[in-house]
Each structure stands twice: as C-alpha cells, then as structure tokens.
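Just below sit the structures, each encoded as structure tokens.
There are two complexes below, and they share chain A, which is joined by chain B in the first and by chain C in the second.
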Partner chain A sequence: MKEVRIHGRGGQGGLTAARIVANAMLKDGKNAQAFPEFGPERRGAPVRSYLRIDDRPILLRTPVTAPDAVVVMDATLLERRDTVLGIKPGGLLVVNARECPKVAVSVAVRIAWVDAMGISASLFGRQIPNTAMLGAWCRVDGIVGQAAMETAIREWFPAKHAEKNVEAARRAWDSVQVADLAASATAEAAKGETAFAYLDDYPIVATAYPGEGGAGRTGSWRVTDPVVDSERCVRCGRCVTACPEGVVVLTEDGVTIDLMYCKGCGICALECPVKAIRSGEVGA
Partner chain B sequence: MARNETPLVMPGNSSCAGCGAVLIARLVTEAIGPNQIMVIPACCMGAVATSFPKATFNVPVLRTAFASTASFLTGLEASAKAKGQEVTLVGFAGDGATVDIGLAALSGAIERGHSFVYICYDNEGYMNTGFQRSGSTPRGAQTSTTPGGALGRYKAEPRKDIAKIVAAHGIPYLATASPAYPADLTRKVERAVAVKGPTFLHIMSPCPLGWGFPSANSVELARTAVESGLWKLYELDHGVLRLSLSPKKRKPVKEFFAPQSRFAHLSDDVYEELQRAVDEEWTTIEKEGFSLRCETSRA
Partner chain C sequence: MTSGRNMTATSAVAYAARLAQVDVVAAYPITPQTRIIEAIAKFVADGEMKAQFVQVESEHSALAATIAASSNGVRAFTATSSQGLLYMHEMMHWAASARVPIVMANVNRAVAPPWNIYGDHQDAISQRDTGWLQLFAETNQHALDMTLQAFRIAEDPRVQLPVMVNLDGFTLSHTYEPVVVPEPEVVNRFLAPRPAVDWLDVEHPKTINGVVSPEHYIQFRALQKDAARRALVVIEEVGEAFAEQFCRDSGGLLSLEQVSDAEIVFVALGSAASTIRSMVRAWRSVGRKVGVISVRSYRPFPDAKMAEALAGARVAVVWDRAYSFGCGGPLAGEVKGALYGRESRPVVLSAVGGFGGAPVGPTELEKALEWADASMQGRPVPLETWFGVKAYRDGRTPDGKE
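After this line comes the complex of A and B, so read on.
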C-alpha cells in the first residue's frame, strides 16, 4: 500500500489534489481513498488530507502516520515539526517553493520543489497551488502518468476551469526539481516523537489556560501585509478598535501591528479614514 | 511587542481572518472587564475559545452544549449568590444556539428573571460547521442546506426576529448593535451590565467565508447594513424604546447584498422589491415613530 499525506491551508485545495489522484487510480483498477482531517478548521489554518492506494481493498480508516510521500502546499508549514513527521526512509517530500527548502528530516528522503505559487499566480491571479503541486508530485513520484493525470484533472473541473488547471499541472511537471536530502542530526534526536508529545506536559483534564497563539503563529496566514505610513497617520485609533485580532496598538510614534499574529484580513487598511495603512506584499 | 500586555482576548486564536464574531467578542469582553464569567455554547466562538492546551479568553469560560447557555447562566447565578460573589455573567452565543437550539432555555431564564448579559452574535447561519441555514438566515440566502439552482431552493423563509421574541418576555433591557459602531456597542454593553435582571444584545456579525465577501470588508459591510436601513440600531430600556441611529440619507440596500456571494443570484427586480420594503418601513417609522410592531418582515 502507498500512503500520502498532504499538508496545506484551508482553501489551498489539498483535498481536491488527493481526490483527483484517487479518481485516476480507481480508473486504473486500483483501490484508493482520499479524505481530509478536519476539526473546526478555518481559512488559512493548517489542514491535512490523506491518500491511500492499494491493489487490494483498503480497510484502514485512520490518518496516515507513516507516509511514503508528503506533499506540502505551503512552505511555511515546514516550520511545524509534525509536517514531515513519520515520513518513511527513502520517501518523497514535495514542497511548494522557489528554491530547495531548508528542512530537517530524521531519515534520508528525496526532496522535490516547484514554484507552484508563481504558476498559480500567473494562471489564476490567485494562490491556489493544488493542481501545480499535483503535476510536480505525479512527475517525481511516478504515481500517475502525464496523460492520465491530465485526463483526471479535466474530468474533475468544469470545462471553463479545466484547461488552466491542466496547464498549471503541465508547467509544474516540466519545472519540478529533485535532490537527495540526508538525515539531519537534530531531527534524528527527535525521532520517535509523536505529534502529540507536547501533551505529556499537561495533566489530562478538560481545562485550557489563557495563552496567545492558541492556533500557532497566525501571522503565517497572511496573504498581504499591513503597511503603515506614520507620516500620514492621525492617531485616531480607528484601526485599533476595528482589528478583530487586537494586534494593532496606538503609540506616540503611530501605529504598530504585531505581525506574529496579524492574519492580514485588511480591515485596518479599509477602515483608516486617511488611508495611512495599505495592504502590501507579504515580507516586502 | 508593543501590544496590550494582558489582552482579554488572546491574539493568535483560531478565528478566520476578518471574523466579525471575534471582533464583537473583543469589544464586549473589553467593555465588561476582567470580572466576568463567560458561557459559550457550541458555536464559532466556542471553537475559537480553546485550542487545547491554550484558551483564547483571559476570563473564566464555561463551554456548554448547544442548548444550555441560559441554563448554565441560571446555575452560575445561584452559585455566585451562594458564594456572595459579585461577578458579571455573560452568555456569548451564535444565532443557531440562540434563535434555534437554545431558545427554550433562554426563554425560561429570562422569564425567571435571572441576572445575566446574553449576547447573540448573529452571523446568520451555522457557520462553524459549513454554513448551514439557521432560523436567523435571511430569506433568499444561499447556504449549504439551501444551495439554490439545480440542487434545490434558496432560503424561502424570512428570518425569525429574535429581538422581538425576547422583547415579548418584558425583558428589562434589550439592544441591537453592530461592530461598525463600537462606541454605541460598548455603551449598550455597559448599560446591560448595570441593569439588574436579564439583558439581551443582538449584534450583527459579518462572516467573510459564509457570506462570501473579502475579509477586509467585514466592518464596512456591517456599516452598510445600518446605513441602508436594513439593520436597525435600537434599545428597549425598561419599556422605553429608542432608535440609536436613523440614517439621514439611506444607502441603497443593493450595496449590502451585492458584495456577498450568498446573494449573487438576486436580480434587480428583487433588489427593487427589497428597497421598497425598507423604504416603506422607514416611512412608517418617520411618520408614526419607531415601534417593534411596525417592523415588517424583510429580506
């Protein structure tokens, strides 16, 4: 049996990618399952999808903990140690990145990367990296041939979206790069840890204690950064009241925004009466 | 970081970018201050309240089943009395937990006259589980259970008017509010805390994902709802009913509906009909004064 785990953020289409491959495998006479792991997941929050393929009927109904391949739709998810957790020796890691991403793994694997964000932005004008990631993954994994992959994409999408998605997969198929990634000593030390290891530090009672970053560093959800023009700012504080997250603070020097947690909703920019805040490119 | 060092709503919680509900939660909790106990049922803010092992609210929070917000408030009041504790008890529930599933408990608690502040943040559907219709979803809206088109119909029924239902109990204090008017909202919360007995706030809570609009427009959309005359800001204080704001020059209602994908199927005929209904309503208000009776069912 082959097992794949897809890490993405809500809205990036990880489940769709898994389902497209599952459909192609079913047509090929194989057994396949594709399903998401969801809780109260929200747009921008990390989500996982799973794919299993086998010649025999698949009876497992559990999350994939020892994947043959891990597909990462968003390179910022590599900061989470559970993203590459459990990957098999000699397994495949496919990442949405312009350059070979820096990541520590406890076993030697093959790593592949493709600029799916760039491909998606140029074709759709939005960040929906799933079909580009699908193309890269199919190419390096050999899981589905190019023709079968394109047929599966065409069958999935309505006609008006199909060709652009096929083109995204094709560009990624052509541009994906692969390298070998050796096991790193620090990751080796963490071997055997489970995703829930941190729970050992807490008593098992249904009580949670106040703390910031319950959902992690939510600043990584941003698709735009708030940029403040302090010269123009009149210190009215409208942005402070309007920020859902409560991360905008008025100081004598103007407005400061805690980018560790700012989700980049853009309300402050829109509400500013003197247009002293704008939504700019992330990290610019 | 130069942020408030002890915020009552912790940043980095799991609410969506541009969430109206968490903005309301922040404004309400800050208006009440640290001396409060919150009761949150199953709803979006219930999911946001804890990402185990961390909690989002820096005040005690009890998470309850869908139906029992007001029952918990009743029990907490008895407990606070027994312990001689002076504390504000706050129910913070979505529309599903208020107008549908928790309505019986809420009605009972108001009728028995317990002292609490009940906040209903109304995002007009079951947004936490995938945008199903609720009793508060407006007519014509597309939801996952009223998908419209070839799959079925759009929501055909007008929404329940929860504020009117609550007013019928003879509640000491009731108000509607909007996150686009934070000063008005804060004043109403402070008034609700000061009033002895049950109090109820109905607050419009835009939901970027469920309503289908860009996250940056949450507050603006809430403002448009008020400026177009669709969402009326008022309060009922010991029997005295007051409009908090009458928009002088009303915006066309289309400006509220058109940016939302859940209303994308509405035609200009429907907009004209909606506009006429709102215009008639406000003409009556201007002529005869505002009463909870003269409200006609809308959208």
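After this line comes the complex of A and C, so read on.
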C-alpha cells in the first residue's frame, strides 16, 4: 500500500489533486481512498488531504501518519513541524518552490521542487497550484504515467478549463527538479510542552478567553497581500465595513490593515470604489 | 480489478434513495450529513428523481413531515447527524411507535459540548431505546447497499418499523473510494414498491395514534417488541436476498472474520470494524489467532448469534465509540448481557475511544491486543480502558472503574 499526505491551504485544490490521482488509479484497476482532514476549512487555512493506493480493497480508515510521499502546495507550510512529520525513510517530499527549499527532515528522503506558483500565475492569473503540483508529483513518484495523468485531468475539469490544467501539469512534469535530502539533527526538535499535559490541567468544560484564536495569527494563511495606494484612497470606509475579519481601520492618512490577521481574501480590493487597494504578492 | 467509481458515502446514500424511488424527502442540513440532501435536492431539481423534497425549518419538523408522509403509505426518507438527531428525539419515539417504515441515514458525529463535528457513535446510541432499528455501515458500498436493504426491512409486514442506517462522519461520509451503483432494473427486482397500506385516506376518515388506557397501552408495546425481534429474521433474509441479487455481502446481523478458531475477538460497530479487519489480517499473517465481529445490526441486537460467535474465544475486546456515563460502554454491556448464563464464554474487555474523530487505528489496536494478551495470560488487567486519554498529574490513568 502506498500512502500520500498533501499539505495545502484551503482553496489550493489539495483534495482535488488526490481525487484526480484516485480516479487514474481506479482506471488502472487499483483501489484508492482519498479524503480530507477537516478543520478550519476556510480559504487560506492550512489543510491536509490523504491518499491511499493499493491493489486490494483498502480497509484501513485512519489519517496517514507515515506517508511514502508528502506533497506541499505552499512552501510556507514547511515552517510547521507537522508538515514533514512521519515521512518514511527514502520517502518523497514534493514542494511548490522556485528553488530547493530549506527543510529539516529526521530521515533521508528525496526532495523535489517545482515553481507551481509561477506556472499557476502565468496560466490562470492566480494561485491554484494543484494541477502543476500533480504533474511534478506524478513525474518524480511514478504512480501515474504522463498520458494517464493527463486523461484524468481532462476528465475532471469542464472542457474550457481542461487544457490549461493539462498544460500546467505538463510544464511541471518537464521542469520539476529532484535532489537527495539527508537526515538532519535539528529536525528532532523538542515537541514543546503543551498547556494540557495532564488530565487535571483541563477545566471541567472547554473554556476560551478573549485573545488570539486557536488557529493563531491567521495572517500566514494569505496567498496575496492587500496593497493600499493612499494617494488614491478617498477614506470612504467601504473596505472597513466589507472586511470579514474586521482588520481594516480608517486612519487620518487613509486605511491600515492588520496583516497579522488579514487572510488576503481580496474583498477590500474588490469593494474599493476608486481602486485604491490591490492584491499584491505576499511580503513584496 | 476494481469496478465502480470513486465517491463518498454521502453520495452513495443519495444514489440509494434515488434507486429506492423514494416519494418524499424532508430534511434539514447539518455537517457531515448535508451532502446527502444536497445531492438528493439536485437529483429532484434535475428531474432525475421523482420525489417531493420538503425543506423544513428544523430536524424535529423533518422527521414529523417524514412520519406524516409515511403514514399516507408513500416511501419516505430523511437524513441527519448529531445535534440534528438529538433534536428529533421526540419524533424518533413517535416514528417507531407509530410503526412507520421510514429510512433515515444518520451520519455519525460527536455530540456537543464541546463542539466537535467529527465522528463517534454517541448520537446513535443516545437514540437506542426509541424503537428504531439501527444498522451500521463499514464502507461506502455498505452505506448504499444497507440503505436499499433498509427499505425492504422496514416495509416488511412482519416488521413495519423505521430503520436508521449509520455511517461514520468523515471516515465514510467525506472519503472517496470505489462504489458500485447498481442499475435501476436490478434494484427493482430486489426492492418492490412499498406494500399498500390504508392508514390515512380522506375518503375514509379515522384517527390513528390516539389516547388509550393502561390496559391497552402495553399491548401496543408488546406488538412493537415482537416486531423488533422478528426483524432479526427479516434482516438476515434481506441480507441473503441482497447477496444473491448483487453478489455482495453487505447485510445480515453480524459479519465474522477469522472468528471460528480465534483466541481474541474484537467486536465493533461501523468503519472501525474495517480498520480492525486490516489489523486482523496482519496479525493472522504472523500467526496470531485474532478475529473480528462487525456488528451490522445494533438494533435488533443479535444476542444469540453474538454468544455463539464468541463461544470459543478466550477474550473479547468490545470497542465503544460512545459511553453510558456512570455505567460503561454500551456495546460492551450488551455483549456481556448476550453471554449471560452461557457456559462457554470469553472475558469481555471494554475498549472505549475514537470519540470526536479520534482514530481507532493501528496504534490503539496494538495496545488493545497487548491488553487482551495480558488478560489471557491471567495477569490482573482493568476491564475497561479509555484510549487516547492523558494521565492525571499523580500518575493515575482513567483506566478501569474506581
């Protein structure tokens, strides 16, 4: 049995990628099990999807904890320790990145990277890296041949989107790079003391106090940054009321946006009547 | 070689409702069930299903409308989860005691508080004594197959009781795996239209389910009790008929794997039984005498069959994903009850865990096997163990009853 874990952000199509491969597997006479891990399943939130493939019917019904391959749709997720956790020795790590990403793993693996961001931006004008990542992953993993992969993509998407997605997968197939990644001692970092190490640390009912949410500073969910042109801004305040997170504040000079919690949804840019806000590259 | 196509258990159930040619669907959305009624609403809107889809304002109303429809003699279906099922509670009793053969899919989800949308069986178990028959699916294919069987069981004149088909939230409801959707003609040969009933008819007015005195009240309960016991026979018959028609074993009361010569037998409901099967196959390959019983019918509870199946085992590990507070694991209690008075019976260990989406996976099951081994070797072990629970600061664990 082969087990794969896909890390992405809500809206990047990680589950779709798993389902496309699952459909290709079914055609090939194999059994597949594709499923998401549900949590804060909002656009931009870190999400996981799983895929199991076997010749026999798959009976195991638990999340994948020791993956043969880990696919990372967004390189910023490598900052989270759980992204590469449990990857098998000699396993495969496929990352959406322009250059070989810096990541510490506790066992030796193969690492592959592809500029799925660039491919997605040039073909779709936005960040939907899943089919490009699918192309890179299939090439280096060998689970699905190029023709079968392209057929599965064509069958998935409506005709008007199919060829562009096939092209994204093809470009990634051609441009993916692979290297060996040695085991690193730093990957064995301490697990960190949880606030609830013992049963008597818990209150008798689940209790939360005002403050930072359980998901933490959600600004890391963004795939675009809102950029304000204060020269253009007329201080109408429409962005303030439109922001679903309440992080846009009207100031004397225009507006400021709290990037700690902005999720980059782009509603402020869409609502701005004078086009003073645009969605720009993260951190630019 | 596999066949079918990749789909979730929620899609599989929606296809089953369509294939069963359900006349009325009244439902209210709740995660993780919503996709069932979304799919049915689309079938109806697209003209692929000739049902009346009733959007209601609550689950209580959903079941009330379904009861009314079924009382008129048509085939009625609904679906829910967790809090939605609990909100139906009054109508749950009503449906069973009014003897309407409704089929409901319950996508098992934990009960709040604290809020949790993931799978466990507390929702279904809390409706245990309402009089509904309860089936549990292990796979997405079962979810489809059991829903079809449920109509035939519910509508059998010997039964005339509502049936709940349980499928685990997310583990089945949101997982894509191969499912074979049978052809309508084949389903029609298995599932005839609902037998005619003349309960409500405007031409011949009458009152049903009115007030009765103590002398009579218990008579209706006795009829209901006998119908539920007769379902033990009907469920097996329907399971056999299904297997003959579709060449798949996805019904019956219990599904036994490697039980006949097993020293240790696991007993579980739903998708956990599937994971246990995979472990049993691995343990068998290294010579361990372990088996598994998947309880497909929780109500009626096949106590005699359970006792026979466990007669040769030394230890039974019964896995509960629900709890009766102040008492113990409900399924474990029922297995113990089934064994009462039997000369040949195993020690029953009650494993509790897999709450709110926590896994019942290889880690937990290996630990449970060690526990069963210790018991078999005569070492003192707790009779109940909670899996995935932290220890108290003084080192005590919540294992065993104090």
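We adopt the following convention: the second predicted complex is superposed on the first by the 205 of 284 C-alpha atoms of A that agree within 3 Å, B and C clash if a C-alpha of one lies under 4 Å from a C-alpha of the other, contacts with A are read in each partner's own complex, and residues count from 1 in each chain.
FYI, contacts are C-beta pairs under 8 Å (C-beta built on N, C-alpha and C of every residue); 3 or more make two chains touch, one makes a residue touch a chain.
Worth saying up front: this structure is predicted, and the values here are computed from it rather than measured.
Participant: In the overlay, answer first, second, both or neither for which of chain B and chain C A:252 touches.
Facilitator: In the superposition, A:252 contacts neither chain B nor chain C.
Participant: May I ask you to decide whether A:242 touches chain B, chain C, both, or neither, giving the answer as first, second, both or neither?
Facilitator: It touches chain B, and chain C stays clear.
Participant: Quick one: chain B or chain C, who's touching more of chain A?
Facilitator: More residues of chain A are touched by B.
Participant: Tell me which partner A:270 touches in the superposition: chain B (first), chain C (second), both or neither.
Facilitator: So A:270 only meets chain B here.
Participant: If we overlay the two complexes on their shared chain A, which of chain B and chain C does A:45 touch? Say first, second, both or neither.
Facilitator: first
Participant: In the superposed arrangement, does A:30 touch chain B (first), chain C (second), both or neither?
Facilitator: second
Participant: Quick one: is A:19 in contact with chain B, with chain C, with both, or with neither? Answer first, second, both or neither.
Facilitator: second
Participant: On chain A, which stretch or stretches are contacted by chain B in one complex as well as by chain C in the other?
Facilitator: Shared contact residues on chain A (touching chain B in one complex, chain C in the other): 198-199.
Participant: Quick one: which bits of chain A touch chain B in the complex? Just the residue numbers, please.
Facilitator: Per the stated touch rule, the residues are 39-40, 42-45, 198-199, 202, 208-218, 221-222, 241-247, 249, 251, 256, 258, 260-261, 263-267, 269-271, 279.
Participant: Which part of chain C faces chain A closely enough to touch in the complex?
Facilitator: So the residues of chain C touching chain A come out as 1-2, 4-6, 113-114, 117-118, 168, 170-172, 174-178, 271-272, 274-275, 277-278, 281, 359-362, 389-393, 398.
Participant: Which of the residues in chain A come into contact with chain C in the complex?
Facilitator: Chain A residues touching chain C: 19, 22-23, 26, 29-36, 38, 57-63, 196-201, 205-206.
Participant: Would you pull the chain B residues touching chain A in the complex into a rising list?
Facilitator: 1-4, 7, 9-20, 22-23, 26-27, 44, 47, 50-58, 128, 179, 182, 208-209, 214-220
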